[in-house]
């Protein structure tokens, strides 16, 4: 751009404004780290200081892990998000392939239904799905956490759009080589769709790792708690009296995704903004 | 098949070709149903069925665990419209949407424009502003709660240090909803920024050159002539998606205020949650859900309308 | 209308030098093409003239005035972009009107609603309407004024871009590969239209293209740029016939000039493919390259022999590819009469007149040479 012509104070001003904004955005993270590193007497003092006089992060973490089975909750988070994603792919990919590349009666209405399904917010179906799981006796289990999300209409839509861009010749060549339609999905389409699948995977894992509403509704037993539910439970149990370990627990809960994000920012931003297609 | 086809009547010619083409297609049709089958069944079971179910349920007095239920027509809706809590809840939700949408859209656009206006530290800023989108909202809500703590919180501490009065942000009626809005803006800003950045990058550089030649030299003229109109579709999209997400606000409310103090932060989904899953009045909660659904679909309709009007070439 | 002078223009991006000191004067009303392979710096040079890019060093003068630090819009130039750069959300009318509105209306008057209330805007808008309609009529765009660019064909978009350029009556027009997005047929048609436009407006045109045919057919002078330098500037015919550099010889003309390995003897005689070719030059013994354009190769007789490896019949003319011993790539010869094409695989004699030969030294610089009449005769006698 031609901005080079007028230089002057602009780059400096840009940095000043952006850094100020960044500080506000980062404030909760900084404060969380700071509080998690402070012993109780420093937290409950009216004097503000960022750097703890006595560094107590390890004590707070130890206390957090002692009071709540954080490993268990992290593991629950992993089990739930990975199962959801795996099942979503297993179900969405074949459907997306059929919608993109095969001609069959009812394809149009089915695709319209998928598009309509994208518009339905998850809270809207919560009551009937809850009742259904209640009837099945499946409440308060991993199944209750996973089952309702095995179908991702958004995933079907996304993969279908991606498969549309795969040349028909590739599929015809596979057919000439004697690969069945099922084989084509997994041996031809999946490998070409790895970037889209990755992006969708990030989207799906982040959404369900952070989900609070649904686990809150279907779970009773702490043994199935997902990370958000666990940290909320921790907070309620401590009733706002013990912020050091609470902040340490919050830190542990956000750490996996934040670290993964920092390691692969581009992919994460791509994945999360996939909803941009919605 | 070669010469045989070329025999006497030309009318016979299309037939063998058509037969040949149709057969594999029908085979593929069978495979297609097998491929879409699981998805269709689950979609009906987990999405379309429950959607119809929630509408049907809203016309019943069903309560979870009750042995039977009765069709009661619009009684749930009548109760709802007569209930003060519903109106407070709806007003609060709309207030939340009306604050968070412009707040996060304008700030998101501003940050995106600032980042894009220079080359230094682009990736750094993008990462920082996007961080709240990634971090588990529940965990961060608890951090916010402590930052807003009346006695030991960062916010009041800073206010006191410059001589301003402190507040019980989440405990006072006047500030509770506003505090939740601030958290909402904080969380949504980065997401909107990234969408705007993508929109800005896709504006052809040549248009800025043309604007420069045509006499739109200043930053404002270029924004008016090129940036803003070309961001139009992105903006519509960002506004609508932020609106839909704001309508769904629940996490921060449930963990920080439980709708209080005295219903000052009661929002639609929270009311629905309380009715449906705390008091188990499924029928009534379903009616609330239908209202929520109508609001969200109305926003989607607005978006469809606005995007249809914009005809741009690639 | 203005004369544009460039002196010692240099520009580098990061560590690569894009322009290494370009001097060029474009007279008022002249049509000059900047032509060269992609990456030669021609577009950068054009953008420096427009003010969209700043030169590292050197000076641009427009109408005698140095324009350093003058904003593009104040240079009063018009530019037609490769992608046309039409504002997609504005109608054809509004696209053409943009430069006039920017010049004649204040920021306040351009505001969407408030601006309407200001009295001056109404008067100015009426003038603008007349001028835009006039230009649109010239370009046969009157029927499309209400359309958006997305609803136009490539050629129509091109004309809108030209309309936006001429409506402001600039001192010079800059074209940045404006035809490269059009299909071949339309390109030939638009070539003629732009040439006519130049004749009608009598304005200064600077036209950047990588297509030597475009440059040859439209412009008064062409400036061949290679590797950030102006290698040769001159009338198209002169550049074609008298290239000063082997790169110019290769770039201009399609199909390409034939280049044969040669040797200059100490007596000034020149040899190629083991034979003397009747050309003499003063100078020292050194290897050289012998350039002969395909249409100057005489087929059927001559001192050399090649095998026909391929024949391209274009209908009106044909090109024969001759495999010659000692040459890595086949030699190309043009045959004017397509009814007399040689058989594939047959051996064919060929030769060329001494005045068809252009000699280049090992560094690619042109070596002056003249025919050595006596030598030619002996050669021909010897070979018969």
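Letters are used for the chains, namely A, B and C, taken in the order the chains are written, and counting of residues starts over at 1 for each.
Please note the rule applied: contacts are C-beta pairs under 8 Å (C-beta built on N, C-alpha and C of every residue); 3 or more make two chains touch, one makes a residue touch a chain.
These are the chains along with the protein names UniProt gives them: A = Carbohydrate ABC transporter permease; C = ABC transporter ATP-binding protein.
Just so we're clear, the structure is a prediction, and the values are computed from it rather than from any experiment.
J.: Within the chain touch network, how many edges lie on the shortest path between subunit A and subunit B?
T.: Tracing touching chains, the least step count from subunit A to subunit B comes to 1.
J.: Looking at C-alpha means, what's the farthest chain from subunit B?
T.: Result for the farthest chain: C.
J.: What whole-Å value do you get for the distance between subunit A and subunit B if each is reduced to the mean of its CA atoms?
T.: 15
J.: Could you tell me the distance, in whole angstrom, between the mean C-alpha positions of subunit A and subunit C?
T.: The separation of the two C-alpha centroids amounts to 55 Å.
J.: Starting from the mean Cα coordinates of subunit B and subunit C, work out the distance between those two points in Å.
T.: The computed centroid separation for subunit B versus subunit C comes out at 53 Å.
J.: Which positions in subunit C are in touch with at least two other chains?
T.: Where subunit C meets two or more other chains at a single residue, that happens at 51-52, 71-72.
J.: List, in ascending order, every residue of subunit B touching at least 2 other chains.
T.: Residues 209, 212 of subunit B each touch two or more of the other chains.
J.: Identify all positions of subunit A at which a residue touches two or more other chains, and write them in rising order.
T.: 2
J.: Show which residues of subunit A lie in contact with subunit B when the two form their complex.
T.: For subunit A paired with subunit B, touching residues are 1-3, 10-11, 14-15, 17-18, 21-22, 24-29, 31-32, 35, 43-46, 48, 91-92, 94-95, 97-99, 102-105, 107, 110, 113-114, 117, 119-121, 123-132, 134, 147-148, 150-151, 153, 156, 180-182, 185, 206, 209-210, 212-213, 216-217, 227-229, 231-232, 235, 240, 243, 246-247, 250-251, 253-254, 257-258, 261-262, 265, 268-269, 272-273, 275-276, 278.
J.: Where on subunit B is subunit C touching in the complex?
T.: 204, 206-207, 209-217, 220-221, 224-226, 229-230, 232, 310-313
J.: Which bits of subunit B are touching subunit A when the two form their complex?
T.: 25, 28-29, 31-36, 38-40, 42-43, 45-51, 53-54, 57, 64, 107, 111, 114-115, 117-118, 120-121, 123, 125-140, 142-147, 151-152, 154, 157-158, 160-161, 186, 189-191, 194-195, 198, 205, 208-209, 212, 237, 241, 244, 247-248, 250-251, 254-255, 269, 272-273, 276-277, 282, 285-286, 289, 292-293, 296-297, 300
J.: Which of the residues in subunit C come into contact with subunit B in the complex?
T.: 47, 50-52, 71-73, 77-79, 81-83, 85-90, 98-99, 102-103, 107, 110, 148-151, 164, 168
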